[in-house]
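Dropping the structure in here first, questions after.
As written, the chains take the letters A, B, C and D, and residue 1 is the first residue of each chain.
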Amino acid sequence: MKTMRAARWHGTRDLRVEEVETPVAATGEIVIKVKRCGICGTDLHDYAEVPTKSIPVDNPHPLTGHKAPIIMGHEFAGDIAEIGDGVEGFKIGERVTVMPLHRCGKCYFCQRGLYHLCVIQAGTGLQWYWGGFADYCKVKSYNVYKMPDTMTYEQGALVEPTALAMYALDRGNMKPGDNVLIAGGGPTACFTMMCAQAAGAGAVYMTEIQPGRLKMLKDLGVTEAFNPTECNLDKELKERTDGVGPDIAIECTGSEGGINDCFHVLRKRGMYVQSGLSVGQVLVSPWEWALKDLNMCGLWCYNTYDFEKTIKMISTGKVAVEKLVTKVLTLEQIVDAFELLAFNKDGKEMKMQIDMEL
Amino acid sequence: MKTMRAARWHGTRDLRVEEVETPVAATGEIVIKVKRCGICGTDLHDYAEVPTKSIPVDNPHPLTGHKAPIIMGHEFAGDIAEIGDGVEGFKIGERVTVMPLHRCGKCYFCQRGLYHLCVIQAGTGLQWYWGGFADYCKVKSYNVYKMPDTMTYEQGALVEPTALAMYALDRGNMKPGDNVLIAGGGPTACFTMMCAQAAGAGAVYMTEIQPGRLKMLKDLGVTEAFNPTECNLDKELKERTDGVGPDIAIECTGSEGGINDCFHVLRKRGMYVQSGLSVGQVLVSPWEWALKDLNMCGLWCYNTYDFEKTIKMISTGKVAVEKLVTKVLTLEQIVDAFELLAFNKDGKEMKMQIDMEL
Amino acid sequence: MKTMRAARWHGTRDLRVEEVETPVAATGEIVIKVKRCGICGTDLHDYAEVPTKSIPVDNPHPLTGHKAPIIMGHEFAGDIAEIGDGVEGFKIGERVTVMPLHRCGKCYFCQRGLYHLCVIQAGTGLQWYWGGFADYCKVKSYNVYKMPDTMTYEQGALVEPTALAMYALDRGNMKPGDNVLIAGGGPTACFTMMCAQAAGAGAVYMTEIQPGRLKMLKDLGVTEAFNPTECNLDKELKERTDGVGPDIAIECTGSEGGINDCFHVLRKRGMYVQSGLSVGQVLVSPWEWALKDLNMCGLWCYNTYDFEKTIKMISTGKVAVEKLVTKVLTLEQIVDAFELLAFNKDGKEMKMQIDMEL
Amino acid sequence: MKTMRAARWHGTRDLRVEEVETPVAATGEIVIKVKRCGICGTDLHDYAEVPTKSIPVDNPHPLTGHKAPIIMGHEFAGDIAEIGDGVEGFKIGERVTVMPLHRCGKCYFCQRGLYHLCVIQAGTGLQWYWGGFADYCKVKSYNVYKMPDTMTYEQGALVEPTALAMYALDRGNMKPGDNVLIAGGGPTACFTMMCAQAAGAGAVYMTEIQPGRLKMLKDLGVTEAFNPTECNLDKELKERTDGVGPDIAIECTGSEGGINDCFHVLRKRGMYVQSGLSVGQVLVSPWEWALKDLNMCGLWCYNTYDFEKTIKMISTGKVAVEKLVTKVLTLEQIVDAFELLAFNKDGKEMKMQIDMEL
C-alpha cells in the first residue's frame, strides 16, 4: 500500500495532516499529482462551525458513500498521474485543473445539463473523500480540465473561484459599460470585481469596512471603494451614475446590511445578484423589489462547463487573478493558515494557497 | 360651468360623491364619458390607511401639480367625449379604455420606453386629479386605447388589472407547459391564474385560506387550490411535479408567510415573482435564493404598451376575466362598497365595478 | 429466435413489410410493444429521394454502428415489454411514448444538456436500426417517457411532432398576445398553429395554396389563412396588426417564396423562425435583416426534455393535436400510405398513423 | 444673416464646400460648434452611388421636411454654441457629442423606446439638413450627449461608430470568454473587434483579404486574422476552438462570401450577427440555420441610449478607438478624402476625420 500526505477533516477545528493511502484510479477516474491548492471560504466554515454545513459526519453521502474523515481542498491544479479504464482524451503528465462537482447524471437537473444543481451532488474535498490538500487526489474524468502551457499551477488553482465570479456576471447579465456595485471586499468580491472589469464594466464600486482592505482593493483595480458605515452610499453612487444608481449589485457579504444596501441603491429594473451565502434569516422589504421592478437572482456554484471560458480568461491575461494570492504555504502549515483565516480576521490575507512541493 | 358627479378622496375613510366641475380637454388631452370603473386594491389602501400611500395630501405632485381632493378610479372604460388640440387618431364617440399612468417623458426610464418606471410618474385617480369614478374623466391622449367593437365596457374596465397579470407572466418568462404556483386567492391572483391558463400553463396551483374562496377558484379555472395552513404545501406540489416543485411562483399576498412559501416550494432555477405589494419588512432566508440558484423579480405596474396585447387577450375570449366581476353598483353606492371591501373582508366579492349609467 | 413484423427501408422507394428478429433489451435499453406510429415528413424524404438524407447506406453510423436496412418510424407510443439491466424507474406494461434521439453523452453539446445537437446523434428509425413501424422497438431508457393514464396511444404518437412545434414557440420566444404568422399549411405548420393558440397567441395567421387545406386550417383553429398567390399578404397582415406586421413568423415551407414572405411581412425587431428544412439554396436580402433589426433562429428538433411539457399540453387537452390525424392504417398498408403522401399530394391527408393492432 | 462653411451633398459625386447660412436654435434645439467630424461608410455610399440610398432628392423627408442639398456628417463632437427654448440641462460651451437619429416619438417603436426603429426616422447629415461637416450644426436636444472632461473631440467624434459596434455585442449577447469571428477588416469590423476585446472575448478572429490590412489588424489588437481565400477558414477556427467553432460570428462585409463563411464556421447554437449592410440579394442555405439550431439577428444602428455606455467605454480607456483614426484633414480637403475612400480603396486608411479648426 502506497501512502501520501493529506490534510483530513475529522471534526470542527480538527484538521490533521496525516499519512494516508494513496488513491488508485478506478474506471472513469483520474488521479492527479497535486501542485497547488487554495483555501476557500467554504473550507473555513466547515473548519470553524458546529455543526458542519458541508461534510457528512454521521451518514455516508448518497452519491459518493463517503463521510468524515474527508481530505479537504477543492481549488487545485496539478499533473495527471494515473488514468482509469474507460477514460479517453487524457495523457499521463498533462497539466490540469479540477471542476470539483460530482453529479448523479440522472436527475431532472442533470438531464438539462444543470449538473451544478444535481439533487445529490458532491464536492471534491467536501462530500467526496479525496481532496486537493494532499499529494494525490482522484476525481471523475469529467472533473478534469486541461491547462494551456502558459498557465501556471498558481493560476490553475484559481480557476474554481474565478468560475464563481464569472457565473455572477453571467447570471447577472452584465453588459459592457454597466455600473456594478459589489457589496463586500473579501476574496469572492475581489474575483468578481476583476472579472467585471475584464468584461468591460463602465465602473465597479465596492464596499468594505476594514481600512487595510480598502487600500488593497484600489491596487487590485476597483474603480472606487466605499466604507458604507462612513458615507451615504446611495448618495455617493447616485452622484457617479447620473442620479440613477448602479445597474447591477452583486452581494458578497451575506449580511443583512449588505443585502439591504444593494436593494436600496440599485436603479429601477436593476439586477440584484446574491453571491454571498447568507447563513441565517434577514429582514428585507419586498415592496422595494416591486417598487423598483427589480430583477434578482441567487447563485449556486457555476455551470460546470464555464470552466473552459474561465481558463481562457485567466490564461490570456484578461483577469490577473494571481494578484489575489497573498501567501503560499506548505501543507504542514495548513492548520495555522485555517486558524488565522477563520479566527484572526485582520483582512490582510486575500487568497492563501498550499504548494505541495514546498 | 358644467358640473358632474364624482367620488373624491378627501382623506382616510373620507370619500365623497360630489358635484364637481366637468373636465375640459386641454392640448394633448382627451375627455372620456365614463361607463364602467372597477375598484382596485390600491384604492382600498388609500381609503383605509393613515397615512395614505399614493394620494398627495400636503404637497402638489411634481408631475401633475395635483393634490387631494382627488377623484378616485383608474380601471375604467367609456366613450370619447372631447378631444384636445394636437391629438391625432381619435374620434368623438370612440369606445376606449385607459392606461392610467402619466409620465415625464424625459427621465432615464422614459428615454428607454420604461414609462412605468418614470421617476415622477402619476396615476390617473391617484396623483392626477381626474379619475374614473365620475361621469367624465380627462387624461393624456397617450393614456387612451381603443376597444374592439366586440369588447364590452365591463371588459374594458378590466384591461388595467389584467395588464398587471400579463406583466407577471412576461417578467416571469412563463412558458407553455410550466407548472405555476400563485400564492393568494384575491383578485390579482385570480387575474394572474386566468392569464397563466390562457398562456398554456401545464398547471396553475393557488393557495387560499378562506373556504369560500377555494370554491370560487375552482369555478374560475385553477388546476388545484390548497389551504397552506391545512396541508404540507411543499409535499403536495412535489407530488404533482415529479418531485421537482413548480417552475414559477407568483407571490400575490405580500405576506411573510406567502413569500416564504414560494421560496420554499420552488424548484431549483425556478422563477419567483413578487406581485403583491408587501407593506412592511419580512424575514427571509437568502441562502435559499443561492442554494436554489433562483431567478427572481419584482413587479411594478406593466409596460405601458402591454395594453394592446391585453385588450386582444380579453376581446378574443382567451381570458374571460369578466367572470371575476362579482357585483356592479351605482356611483352612489361607492362608499358602502369601499367600506365592505376594506373592512368586512368575507372574501365573497372578487372585483366590484361602478356602472356610471345605473 | 422470436420474430415480428417490421417495415424496413432497403433503398429509395423500397420499403418492405417483413418478418424480422424481435429486439432484446440490452443493458440500459427498453423494448416497447408498439401500438401507434405516425408517418413523418422526414420518412417521406428518405422514402422518395436519391440519395437518402438520413439513413446510412454505405457506412455504419458512428454512434450506433447501424446502416440500411433500417426499420422506419420515430413517432410512436406503446407498452413497455422488456427492461434491460441497469434501468431504473420503469415497469413492464407501462404506457410510454418515445423521444427518438440517441446521443453520445460526451461531446461539447451533450455536456451542456443540448443532446439534440450531439455531433454524432442518431434518430430511432433513421440511424438507429429499430423503429416504430414494427411490433416491437427497442431504445435507450432515456428515450422513454411515461404517458398519463388519460392519454391515448394516438396522442402518445403525436408527442414527437408536437414537441417540434413547442420548440418553435420556445425558441421564437412567443408571448401571449403575439401576432404569429406561420408560412405553410402542412402538418408541422398545423401543429405549430395549435400550440401557438394554446400559448395565448393574439392571432395566428397561416399561408396555404391548396383550397382544400385552407378549409381544413379553419376547422383546426387558425385565426385566418391566406393564399399568398391570390392576395397581397403584407397588406392583409398590416391591416390586422395596426399597420405594424406580425411579431413572429415561423417558416414551415423551406421554400424561397415562404422564406422571403416571412422576412417581408415581419415587423421591425420581429422574430423569424426557420422551422421547415429548406433543401437547397435560396436568394434572400440580408439588408432586410439589418434594416428591420430582426431576430432570427433556426430549429433543429427540440430540447430533449421538452417532452415532459409537451405530454402535459396534450394530456390536459390544451392542444387537441389528435384532430390532425386524418387516417389510421394497418402496417400492411404502409407502402401505399408512403406512395400517397410522397407522390400524390392532394393535401387531403394531414397526419397518417399506423395502428399495429388493426 | 450669419454664414459658415459647410460641405453639402448636391448629388452623386457632387459634394461642395460652400458658404451657407448658420443655423439658429429653434425650440428644443441646440446648435453645436463642430470640432471634429468623421467620414462614415454610409457617407461614401451616398457620395458614390446612383441612386442615393439615404439622402432625399425629390421629395422632402416626412419627418424633417428636408431634401438635397444636405450638409453631410453624422459622427461629430464639439461645443454647445446656442440653446433653444425649452431645453433644460445644458449650458453654452459644454463639450458634447451627437447621437444623430431624429424620431417621431409617436409610432409603435417610439412608444417602446425603440427610437432607432422609428418608422419615419431621420439621420443628422442625411435626412436632416444640418450635418457635422460644417462650422455649426443644429440638432434636437435629445441628440446631444455630454462628454467627460477627459474625452477628446477626436474620441467624441468616434462615439457614434463605436455605439454601432457595442450594439453588435449587445444584440449578439456576447459573454466574456466567447470566441468571436468578425468577417471583414474595415472600420466597422475594427470597432467591433476592439469592443469585443474590451468586453472580455476569449478570442477575436477576423477575416481580411488585403495584406496591408492584415498587418494593421494585428496592431489594433485582433487575436488572429485570416485571409479566407488563402486558408481553410473552418479548419483554422475549429483548431482554435476545440473542434467546435466560434460562438459568435459578426458579419461586417455584407457580401455573399462573408455571409456564408459565417454560417459555415459557426458552432451549433452559435449566434450570427448581420452588421454589414448587404446591398443586394445573396444565395444562402437556410437548412444550415436549422441544422445548427442557430440564433441570428440583424442590426440597425443602436439603441439610442447606448450612447452613455459607449462614452464611458471610450473615456475610461476600455476601448482605445482613437487608434483607428489614420488621418485628420481640413474641411477644404473633404472632397479629396471622399474620392480616395470611395474609389481608391487601397485599404491604408481606416477612419478619416475632418478637423474644423485646422
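Odds and ends about this structure:
Note that a contact is a pair of C-beta atoms (placed from the backbone, for glycine too) under 8 Å apart; a residue touches a chain by one contact, two chains touch by 3 or more.
Just so we're clear, the structure is a prediction, and the values are computed from it rather than from any experiment.
Shared contact partners of subunit C and subunit D comprise A, B. Across the two candidate interfaces, A-C and A-B, the one carrying more C-beta contacts is A-B. Remark: subunit A and subunit D have CA centroids separated by 40 Å (rounded to whole angstrom). Taking the mean of the C-alpha atoms as each chain's centre, subunit A and subunit B sit 43 Å apart. Contact of a single residue of subunit B with at least two other chains is seen at positions 114, 242. The part of subunit A that touches subunit B in the complex is made up of residues 108-109, 114, 116-117, 171, 242-244, 251, 254, 259, 267-269, 272, 274-301. Contacts from subunit B toward subunit D in the complex involve residues 111-114, 142, 303-305. Residues 166, 169-170, 175-178, 195, 198-200, 202-203, 242, 306, 308-310, 312-313, 316, 318 of subunit B touch subunit C in their complex.
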